[in-house]
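After this come two complexes, each holding subunit A, first together with subunit B and then together with subunit C.
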Partner chain A sequence: MESRVLKPILAVYVALFILFLYGPFFILTILSFQQGPEGGPQFPIIEWSTYWYRHIFGLTEASRVAPLPVGQAMTRSLILAFMTMVTSTVLGVMSAQAFRKKFKGSDIVFYLIVLGMITPGLLTGLGVALVSKNIFNVDRHWWSTAFVSHVVYTFPFAFLVMLAILNRFDASVEEASWSLGVSPMRTFRKVTFPLIFPGVLSSMLFAFTLSYDEFSRTLLSSNEQTLPLAIYGTFAVEIHPNIFAFGVLTTLFSFSLLAVYAILMGLSVRRAKKIAIQEEIG
Partner chain B sequence: MTAEAHIFRLDAVSKRYGVTVALDNINLSVERNEYVSLLGPSGSGKTVLLRTIAGFETPDEGRIEINGRDVSSLPAHERGIGFVFQNFALFPHLSVADNIGFGLANRNDPLPHDEIVDRVSDIIKLVGLEGLGARGVGQISGGQKQRVALARTLVTEPKLILLDEPLGALDANLRGRMRNELRAIRERLGVTFLHVTGSETEALAMGDRVIVLDRGHIAQFDHPDHVYSKPATPNVAKFLNRYNMFDGSISGSAFKSEYGDLAFIQKTKSDHPAYAVRYDRVAVDSDGSAGKGPSLPANFIASEYLGSSIMYFFEAIGGKVIEVEHHLSHGAPKTFEPKKSYRLRWKPEDAIVFG
Partner chain C sequence: MAVPAKTSSTTAWWLIAPGVIWMTLFLVIPILMIVYVSFWTQTTFKIESTLTLASWQQFFASDTYITSLFTTVRIWLIVLIATLVIGYPTALYVGLFVKNKTLSTILLVICVIPFWTSFLIRVLAWRPMLGKEGAINIILQKFGIISAPIEALLFTELSVIIGMTQIYCVFMVGPIAFMLGRIDPNIIEASRDLGAGFWRIFRKIIFPLSLPGVVVGAIFVSVMVLGEFATASALSGRKVNLLGNIIVTQVGSLKWALASVVGVILTIVMGIVVALFLRIVDLRREL
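After this line comes the complex of A and B, so read on.
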């Protein structure tokens, strides 16, 4: 039988996939419970402790290991990710809405938008830095030039998500609303938006996480450090397990974002499913 | 007739999609308080016509007047019409009552909340949806959805309601019931219905008048009995699905076809010659000789029992299937032998000839 050969191969493949996906995080988590401040970022674990977690929050006695310089960087990153999320999602919804009708040059506009996620980040960052200073005489900041490069990068993702959602959207409910005397603006607010909301949520999640994680574009387009830059900066000195502890905490934060997304999504999907099931019974 | 009598009027309306002509110079006016059905095969442009009146499509040329007002350049939400969709297009995120009240609550001049509640509960009674107001629209049956779609439109009190194959998504039983209800509701409210359908029985049964659309132009606009018994063009006769049609040409007082010369009395002017005779006007004769009057030989294939009548299927020369309908009130069904040759006859005055 074919499956007798194929099944073990696929099993190994999946196992490898999971190993590479979660293996590093698993090791990182173990090492973050290394003893401190003497214990280094390697095996064996001298003694299990939560020292490095306390270290991050400044709850340990002063030692030769300096606290992680991430406080300000994290605030910047969170604000920047939020700004990017809102801007990219609004742009994504609006442009995907525009693409529901074929307009002149829509093909070209489509590729121009998508180009933003394909262009190499480091070069885009460099370009933004050069152009802003030399042509527009704008200083590089995380909230100006870096923000723009983040939007250019995340907007295509939001756009593609919304395009997929609107592709499957049945426009007759909008026409029904117009025929009842409701203006197109109000129709969008009262009919279209609630129905495409799951897609909007996905766009927001994409834009937020991509921006929060962004390194290459930010490196040259921002004058200040965002979180990924700050963490990278600490590597240059010496690596202590406090970085691992921090990694665990940020990952947990990402998971909690995902959980919120899943709950919101579950609510709207459950409503849709309820409708679908009853439709079948009815 | 004064302009006041018309609920809507189309003036030389045309619409093209690339090279395809969807609407070809349509002139049409429909009176107030009338049930008009719009019949056409798929691709005849009937849905485009409806959507153009509604304002969902913009015509390339022509003028549209609704309620004495030129609405050609007005968007759909300012035309004051109602539209009922084939798939109902209910708002899936709203309850039955919220669906029905949606228009009143979200217009540019929304009604006060109390009045909306009153009007919604009135219309819920009218269409027979009592007790279902709080349900989600996913929690009701197909027939009930149809009623919600209708109620949602009726409650905004348009003078003209456009229905796009509104019964198409319902099963046969329900369709019959909803037909009667639609007519009853329309008569009670005195609005004009323009009902698009691909079903000739539905069109004839429901319309006070019937428009037959053929490839983007109006082939006939008349009372159902006239459309039925005096189709204006060969294509109208074809859509009605009640006529045996023969190709050929007119020469003198006979119609030359591959079945020989067929006699007729009257003819209708048309670019395409055709000879039509209704299913129920054909008689079957076991005597194979030609005799007098139009007739042709054909082999019996099968019969189909329809309750009040029975359909016989015959095969003529060249494999052409000829249908004969025998009303059981006119006598007991006859039995024919399969593959045996019979002669099909009709009276020349029953033939409808185009040419």
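After this line comes the complex of A and C, so read on.
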């Protein structure tokens, strides 16, 4: 391989690729510090200011730019993301547990679950809306129809993550616990759960962030606005740098979730290593 | 103490039942319902369960809808090729060229992080990039490459394609990098010792071995792009109407039956695309 020539070229290419991925967000961040309220959503920066950040929190005087309608939507999104996270993680752990032994029809069940993450959100949303309207005759709400369609999307992620974890799992520790007369519930709590904790944590991260940012499923399955719907609503009218500032804040929120995840994950890996070392010494 | 086989199978069913019921109630029945409702009778504000082909005829008789079907397929093809061409070299570097495991993980994480941030904000971020007074035009003018700003960058089909390519690229990079990372370096070493040049090694060994990754990536990208509507409406100024956009507008005006017809057509198109990709590679054997 002429890797001496090719490798540096590819390295430069990857740098450009990362620029392509992050460049737009970088520009958006710069423009969120535009002067307000006259400064528009484009260059040049008239004067650096935090006006639009204060604008989001209602700390500026009233101007022609209406405040972003995100307060209530934010609360809904956070509660919805939490509900989705708990439900899909529980479903994911249970289903993956079932898959540890091959059972009749496991192939079909596998595809049924995975179907949830590859079906486009628009179709899930449309279908759930049709069913609720024409079969159950119930209204669409963020906590009912939107919630179930979010779980349809996030449960497969949790399931696949848990399946990957359980595949590498040594079943003999559980059997040892059982044979010592520990009840299955207690064995799960004391033996199984600590071992599958990294998977549970990853499932929770997937479910929470995907639900928090979920847009296409919610659009047709909820009558009220969640955060992404509120953001989408502002696209139709003239945009102002306040939406950029909001984008920076919500991205920082996502990043901090990732950071918390990374820290917890690091701790659990460290703990697992410690136990392994102790066992070896013992 | 071994648990008898019969009880363990029953336990498995109890564990799996909630998930299966959930997916049946909220995914399978809804999809079947879309098919069913597409044959319902649409009046001005209501739908009735009297079966008719009216909405199907309405779809195929309308130039607008047929055009949007072709637009959807065209944009899907362009974005698919763009994500592959742009993503492959990155995957090649991350999966094959970087020997340091930590560095390759870090690069992969950098590529994947945007997946955890708001999709809509990522779409929105292209507006100040591509506009007439956007970053790209300003930079190009500063370097004297162009004298007048390019207006075709925003609110056109091109802006939709650029936006989608950036957003969905990572779904191509991930699976390909994964497959490339599994290639035994000894095979490449051996063929190099036998005098094969890089291009030949790439064509005969690297690319064929990465093909399952390409297929998985292509399926991800295809399904997502075909079901898209938000990028199109936010970056094209409503000039590009995909099938997804039609569904949203039809539901907005309570035309549920027609929205369902479009939904069924979308599902059929996706089914064909996925089936075609699966014919290229037998994924169950390769993965």
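Quick note on the criterion: the second predicted complex is superposed on the first by the 272 of 282 C-alpha atoms of A that agree within 3 Å, B and C clash if a C-alpha of one lies under 4 Å from a C-alpha of the other, contacts with A are read in each partner's own complex, and residues count from 1 in each chain.
Quick note on the criterion: a contact is a pair of C-beta atoms (placed from the backbone, for glycine too) under 8 Å apart; a residue touches a chain by one contact, two chains touch by 3 or more.
What you see is a predicted model; the values in this text were computed from it and never measured.
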Item to complete: Please determine whether it is subunit B or subunit C that touches the greater number of subunit A residues.
Response: C
Worksheet item: Who does A:232 touch here: subunit B (first), subunit C (second), both, or neither?
Response: second
Item to complete: Quick one: classify A:6 as touching subunit B (first), subunit C (second), both or neither.
Response: second
Practice prompt. Check whether A:216 is in contact with subunit B, with subunit C, with both or with neither, and answer first, second, both or neither.
Written response: second
Fill in: Touched partner set for A:119, first subunit B, second subunit C, both or neither
second
Discussion item. Contact-wise, after the overlay, does A:175 reach subunit B, subunit C, both or neither (first, second, both, neither)?
Written reply: both
Worksheet item: With the two structures laid over each other on chain A, which partner does A:17 touch: subunit B (first), subunit C (second), both, or neither?
Response: second
Worksheet item: With the two structures laid over each other on chain A, which partner does A:194 touch: subunit B (first), subunit C (second), both, or neither?
Response: first
Item to complete: Would you sort A:107 into first (subunit B), second (subunit C), both or neither based on which partner it touches?
Response: neither
Fill in: Partner chain(s) touched by A:186 [first = subunit B, second = subunit C, both, neither]
first
Worksheet item: Both subunit B and subunit C touch subunit A; at which residues?
Response: 175, 178-179
Fill in: Contact set on subunit B toward subunit A in their complex
54-56, 75-78, 80-83, 85, 87, 89-93, 102-103, 106-108, 136-142, 149, 152-153, 156
Worksheet item: How about subunit A: which of its residues touch subunit B in the complex?
Response: 170, 172-173, 175-184, 186-187, 190-191, 194-195, 271-272, 274-279, 282
Worksheet item: For subunit C, which residues are in contact with subunit A within the complex?
Response: 1, 8-9, 11-13, 15-16, 18-20, 22-31, 33-34, 37, 47, 49, 86, 89-90, 92-94, 97, 107, 110-111, 113-114, 116-122, 124-129, 131, 133-135, 138, 166, 169-170, 188, 192, 197-198, 201, 219-220, 223-224, 226-230, 233-234, 244, 247-248, 251, 256, 259-260, 263, 266-267, 270
Item to complete: Would you tell me which residues of subunit A are touching subunit C in their complex?
Response: 1-3, 6-7, 10-11, 13-14, 17-18, 20-25, 27-28, 31, 41-43, 91-92, 94-95, 97-99, 101, 103-104, 109, 112-113, 115-116, 118-124, 126-131, 133-135, 148-149, 151-152, 155, 159, 175, 178-179, 205, 209, 213, 215-216, 219-220, 228, 231-232, 235, 239, 243-244, 247, 250-251, 254-255, 257-258
